[in-house]
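Dropping the structure in here first, questions after.
A, B, C and D label the chains in the order they appear, each numbered from 1.
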Amino acid sequence: MPADEIAQNPPSPLSSAFAAVLDSVLEHARPEASGAVATYIPELAVQDPEQLGIALASVRGTVHEAGDSAAEFTIQSVSKPFVFALALEQHGLAEVMRHVGLEPSGEPFNAISLDEQTGRPLNPMINAGAIVSSSLIRGDSAEEKFQVIGAGLSAFAGRSLDVDEAVFESEVATGDRNRALAYLARSAGTLASTSDVATTAYFRQCAVNVNARDLAIMAATLAGGGVNPVTRERVVREDVARWTTAVMTSCGMYDASGEWLVRVGLPAKSGVGGGIAALQPEQFGIGTFSPRLDARGNSVRGISMLESLSERHGLHMLEHRDAPLSPIAEIAIGSPGAPDAASGTPHAADAGDVTAVLRGELTFGDAEEVLTRLLPILESGRGLTLDFAAVTRVGEPAARIFEWASTSLGETSGGRARVQLHDPAGVLGG
Amino acid sequence: MPADEIAQNPPSPLSSAFAAVLDSVLEHARPEASGAVATYIPELAVQDPEQLGIALASVRGTVHEAGDSAAEFTIQSVSKPFVFALALEQHGLAEVMRHVGLEPSGEPFNAISLDEQTGRPLNPMINAGAIVSSSLIRGDSAEEKFQVIGAGLSAFAGRSLDVDEAVFESEVATGDRNRALAYLARSAGTLASTSDVATTAYFRQCAVNVNARDLAIMAATLAGGGVNPVTRERVVREDVARWTTAVMTSCGMYDASGEWLVRVGLPAKSGVGGGIAALQPEQFGIGTFSPRLDARGNSVRGISMLESLSERHGLHMLEHRDAPLSPIAEIAIGSPGAPDAASGTPHAADAGDVTAVLRGELTFGDAEEVLTRLLPILESGRGLTLDFAAVTRVGEPAARIFEWASTSLGETSGGRARVQLHDPAGVLGG
Amino acid sequence: MPADEIAQNPPSPLSSAFAAVLDSVLEHARPEASGAVATYIPELAVQDPEQLGIALASVRGTVHEAGDSAAEFTIQSVSKPFVFALALEQHGLAEVMRHVGLEPSGEPFNAISLDEQTGRPLNPMINAGAIVSSSLIRGDSAEEKFQVIGAGLSAFAGRSLDVDEAVFESEVATGDRNRALAYLARSAGTLASTSDVATTAYFRQCAVNVNARDLAIMAATLAGGGVNPVTRERVVREDVARWTTAVMTSCGMYDASGEWLVRVGLPAKSGVGGGIAALQPEQFGIGTFSPRLDARGNSVRGISMLESLSERHGLHMLEHRDAPLSPIAEIAIGSPGAPDAASGTPHAADAGDVTAVLRGELTFGDAEEVLTRLLPILESGRGLTLDFAAVTRVGEPAARIFEWASTSLGETSGGRARVQLHDPAGVLGG
Amino acid sequence: MPADEIAQNPPSPLSSAFAAVLDSVLEHARPEASGAVATYIPELAVQDPEQLGIALASVRGTVHEAGDSAAEFTIQSVSKPFVFALALEQHGLAEVMRHVGLEPSGEPFNAISLDEQTGRPLNPMINAGAIVSSSLIRGDSAEEKFQVIGAGLSAFAGRSLDVDEAVFESEVATGDRNRALAYLARSAGTLASTSDVATTAYFRQCAVNVNARDLAIMAATLAGGGVNPVTRERVVREDVARWTTAVMTSCGMYDASGEWLVRVGLPAKSGVGGGIAALQPEQFGIGTFSPRLDARGNSVRGISMLESLSERHGLHMLEHRDAPLSPIAEIAIGSPGAPDAASGTPHAADAGDVTAVLRGELTFGDAEEVLTRLLPILESGRGLTLDFAAVTRVGEPAARIFEWASTSLGETSGGRARVQLHDPAGVLGG
């Protein structure tokens, strides 16, 4: 937005809380002068090295942006986890694992890294594995495969992405090493198409244009279990999103993935176009863009911004949260929802029955806590009503435990189930 | 508990919800007949191969057990993450990283795996790195170092652990390969003591006796951010627990860590004594025991039980939870806590002011959601009270955002802060 | 020769000395029942596994044969040293070394084995290096390159070799791994043509038909310093033959080259067609044929025959020979060739002059011996005539030493050169 | 020799032929200013970096020297092939190969390089393999082992060598990596003593003082089949000398052994003390000394001198020699040694019998040539006498062929053996 427009429309103070967060990490990274724009193809070499942008998309669909978040660049290797997810969606984990492994290679992006016994590329984040992922996508020709890939990446991004044809041509012209990797996988029986079909689809996928906002939304789609938070479209299944996030966690940063997980804790994937997609599972996707790369091929200032976000704002995926309050908010004699509610029921609650008001988000661990703590009540022979009215959500494993308690623990002397569930909002699910 | 005692004291139906979970995974694993007891030292070879136990400890301190959960065995490599944590606690991450790396090696436990440039063992979960961890523990002699290590492991377990002296002697007698690894690290300048001191301390640490319950509590201490959930003692700092969990996540299962994270998602460490410690961050520690090992040296039935727990009960650390309800439970005109509360305040709430009742556990992402959604209210000029009474907890990054809103967004025309925080339970901290 | 012709011309008893040697090693190997015919292409799988032949060609051009020495098979990897020699002949050692290394890889034939720094295949005996050799041969197209290669192999063999077109087609159809190696070399900048041109030429070269006799003569051409001993045609320069022999010595047997040199000492190269070419430098080329291969892809019975030849007949290239007699056969007062010879010379030999009759093949070491031993004669002031009449040959470095002595050591009091060379047969060369 | 002594005793002109060769290669190397003295122990760091010496010892026992050929330095890794030879002498090849491999490692001297399957160090020229060699030497203690080693090295050198105790102490003090290699070998079951005994013996062996002249004689002992050419003592068996030379050929120059064999062709072993021992089998040993080392730990100017010797003087072990004259010097009617000789024999030679005068050094190949060329004579029914009077030597495989011809080819019509051997000098052996 031009300066005079800003003067007329001052940014709303509230939204600027998040703009301030992003601006701050962006300006913190700006002075980083090291690194160089990728030059292996001329199209990348002409990028303005000073471009710098960031976007953050929540799993609820809000997107915040700062800097050159709308500047386009080619997605390159950032496409790898998303195409891997598409392959998983089509074939399932077992079948995909017949073709590509899940282990960190401790090696650079273009390493050969085929497993000696199986011939599988070690993981889908290195080129060899990514080409195998592309080969697994449905379609006989490179065109058919790319149609699926392009549509899938667009669904992740929530808008129709196009291809930078000049970059694609250059990739084709300089792609001998990738062709070698494809032939190696082919000769090991792990490539699911001809070498030429796989590499052509892969080169095209690498040349897809995106911006930092796109990457944020794509990552947020994984963070949100496979549903694009902006379009609300389910792009991949929940398990596919989880598997993909797991592989980004262990292999996303090539030979520095272990240290990245320790220090930053945001599963991420970078590309030589200057982009990085990262996520905090369940919460955010983040996209960064800055073309200067370090020796490993990662965007220098993109890395810096993600480090800041993790360190300053506690976004590490393993960040410990203070012990929550007990999931039991209150224990009271009587039924929830007042006297009149009780009166219409076939078996009136016994006088000494107890209602436990639960709260928060209930995990398997919370279910364990609730039942363990309330055990003495049941042992004393009284009925127990669990009140879920103030509960935000109940995980499926926890819900199963509560239902088991309700149906299996027998009845009180009054003939009521010993454990009753009061769930006006239906958080226990079907 | 002996059989006749059980007959007299039938397990309470409620606690048996969790006993049932553990019994079920235990019985599911029992038929696994493959694998063999470790034989590299005679003391391990005499173990009863059929022993089978599991324990689960919540971060709130409850421990559930099934099978031979009280049977003792030597901790062996399960000690590695905990001694690594002790080294981190004493020296910090940067200093420890001068001595040992954080990258998966893709190699077996006894691999040499020293980084070519730095001479550091690739990570602290392989023997070479574990010996370096032990060398970093304070103390000049092996005895002094082990005193610290033994005390630390005991603090993790919440009881005083002792050493199986016969196993220790056997480790000393057969430890040439570990001595070789120590000398390699020493010659590379990464060992922090003499080779003999480091290996003696390490052999002793491997010979510490534990049971499945101990391992569950030790792991729960990491899951709970460094505080032993039973003794309530802080054993290591929060960041140390996070770093250690991260290394277990990426390197804990040797050359199968990537697949383990994808399929099971419970950071874990196994030992040739038959034990495994695993955890779901923020929720649980799990200890398993079964002496028969697979070719990689992992307990066959321990692995099986952890797989069941993850698959059947959704305990994968990256398991997606259904999108929570909005953190905003209700929006109402007026102040919380009723009319009389308003009347003594210097600046009465304006008639059109709005109260938003928040709920659940509020993360950075929730703070973002709250402020973003309520932006139109503020833009309309009305005051906004955020009511935290029903909020279970607020993460520190989120709390900072709410405080920023309260102090920085100015006043209403009535002179009140435009954003007021109603926090009767003090969940915002500070 | 047909059976009835043999009946009329029984083998001469003398030539059967060598037939007996070859028959003996052949029959010794015949019972070896292990190994299996190559099956990666159908054309190889149909070979009669029991075929067994051997031929031995001396550097003087005699060829002895036994068994199925005339049976044809495809040359496969046995072509590698010879095409490497052709590349050396065209480009010289320095240029070829820019494209391919000379170090043993310790790896199987189809290993990738590219040097990390330079991208060069480690040596020309593994597939990657052999494809680079083929790419270096002059010619723009695969056809042009193969024309040169085919002519070169034919020159080595001394007859026009043709291609098994069915095998060639199969190689093309199954050659993905070799294509991968070519693309890797291409992307590393070490392939001297397109990948397709190099692999097509290489596949064709592997499909050239030869028999054991051909391989013996090809190897004898290297043993004889580059001259085909049968046709007397110089195929490659002496230095090229030496370099090629050196590479066969260090890298010819893949990951067992070191042990082969210790135990057998006959530089060799095998092919999956069942052939092996081996040589004893300066003396022999040997060709063997037997289609059953061991796990490394070497002909089981070919290996056995070469081991027998080395062990029983002392053909190890480093076999120690008993210390030769002194190169000085006799020392006499006076000139060689009798009194009358002396009389026509301008400066009659002094009465006390000495003639040393030399003998044998004189190396640099012999020249050292001669001059060192005869030093006292010269120091005593007498003239010395070195008589080369009975000398079989004089190496060039030795000849240079004798000439230096003759021209640089001054004159006797009688005005004759202090050291005179009597060389009626001209063994000292120009 | 001091300068004034030289003035009084000018070098004899004849011996200076070889002095000139050595001086020339020495002065050619002198300007090489690159490299640095080893500094890993202080005792090596104080060496005068400009020292430069060379010595050449023939298998006949003459030693030529130039420069600082008498300056002492510690033998270091040059001891490896000689101690390997001592181990072979004591245990034989098969037993030694159970402990150490024979394959080039393609890795630096201090690489770990243990075979994955067998645990054997890849070859005896890297430290791990050399320590295993030392462990194999007879003796229970390090002292006993070193007594054998010291005596063996002294026998190779032809004089009693002593130990630089200060260097030995430093090796002990800094030897952690070597201790690691010993423990690795020990744990793999390939070390034949305790780790401490093996490394102590090895450190002591490395600290033996030698000079360039010693190294030349040691290498000449290998070149001469195991007999010290100066003392005439047999130090090791012929086969041991051959096996040791073979291992130096394939593994002596660490990761550049292949290129060294192609370009220089003098099996060699260098040490960080600045020495190199090299040899041309059957002819020479060469010792060089110059303390400045290249990045691989090889003496810069030592390498340069060996390259000059090979290139300028044709000393490459695979150097092709011009085709020798025929081994048949002359064919004449009648018996050798004149009419009177014939007359005492029981069966007078037939009138048409033929005498072939042989010459030179007769190999298996020459025997083949002789019998093949003379076949027509025998086929014509005439007797054949082979005259060995002018033959310098006959290899054992060749002698066996001649004897076979003499005893197996029947008799002439006159009752004489069809093939008679005239061997006045007994070159055909027993």
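Definition applied: contacts are C-beta pairs under 8 Å (C-beta built on N, C-alpha and C of every residue); 3 or more make two chains touch, one makes a residue touch a chain.
These numbers come from a predicted model, not from an experiment.
Under the contact definition stated at the top, the chains bordering both chain A and chain D are B, C. Averaging Cα atoms per chain gives one point for each, and the point farthest from that of chain D is the centre of A.
Computed centre separation for the pair chain A/chain C is 64 angstrom, with centres defined by C-alpha atoms. Chain geometry summary: the mean Cα position of chain B and that of chain C are 67 Å apart.
The distance from the centre of chain C to the centre of chain D, each centre being the mean of the chain's C-alpha atoms, comes to 21 Å.
Among the residues of chain D, none is in touch with two or more other chains.
Of all possible chain pairs, the ones that touch are A-B, A-C, B-D, C-D.
Within the complex formed with chain C, the residues of chain A that make contact are 112, 176-177, 179-184, 186-188, 195. Those residues of chain B that touch chain A in the shared complex are 12-15, 17-18, 58-60, 62, 64, 93, 97, 101-106, 122-123, 224-226, 238, 241-243, 245-247, 249-251, 255-259, 261-263, 265, 280-284, 313-316, 318-325, 327, 359-361, 363-365, 368-369, 371-372, 374-375, 378-379, 390, 392-393, 395-397, 401, 404-405, 408-410, 425, 427, 429.
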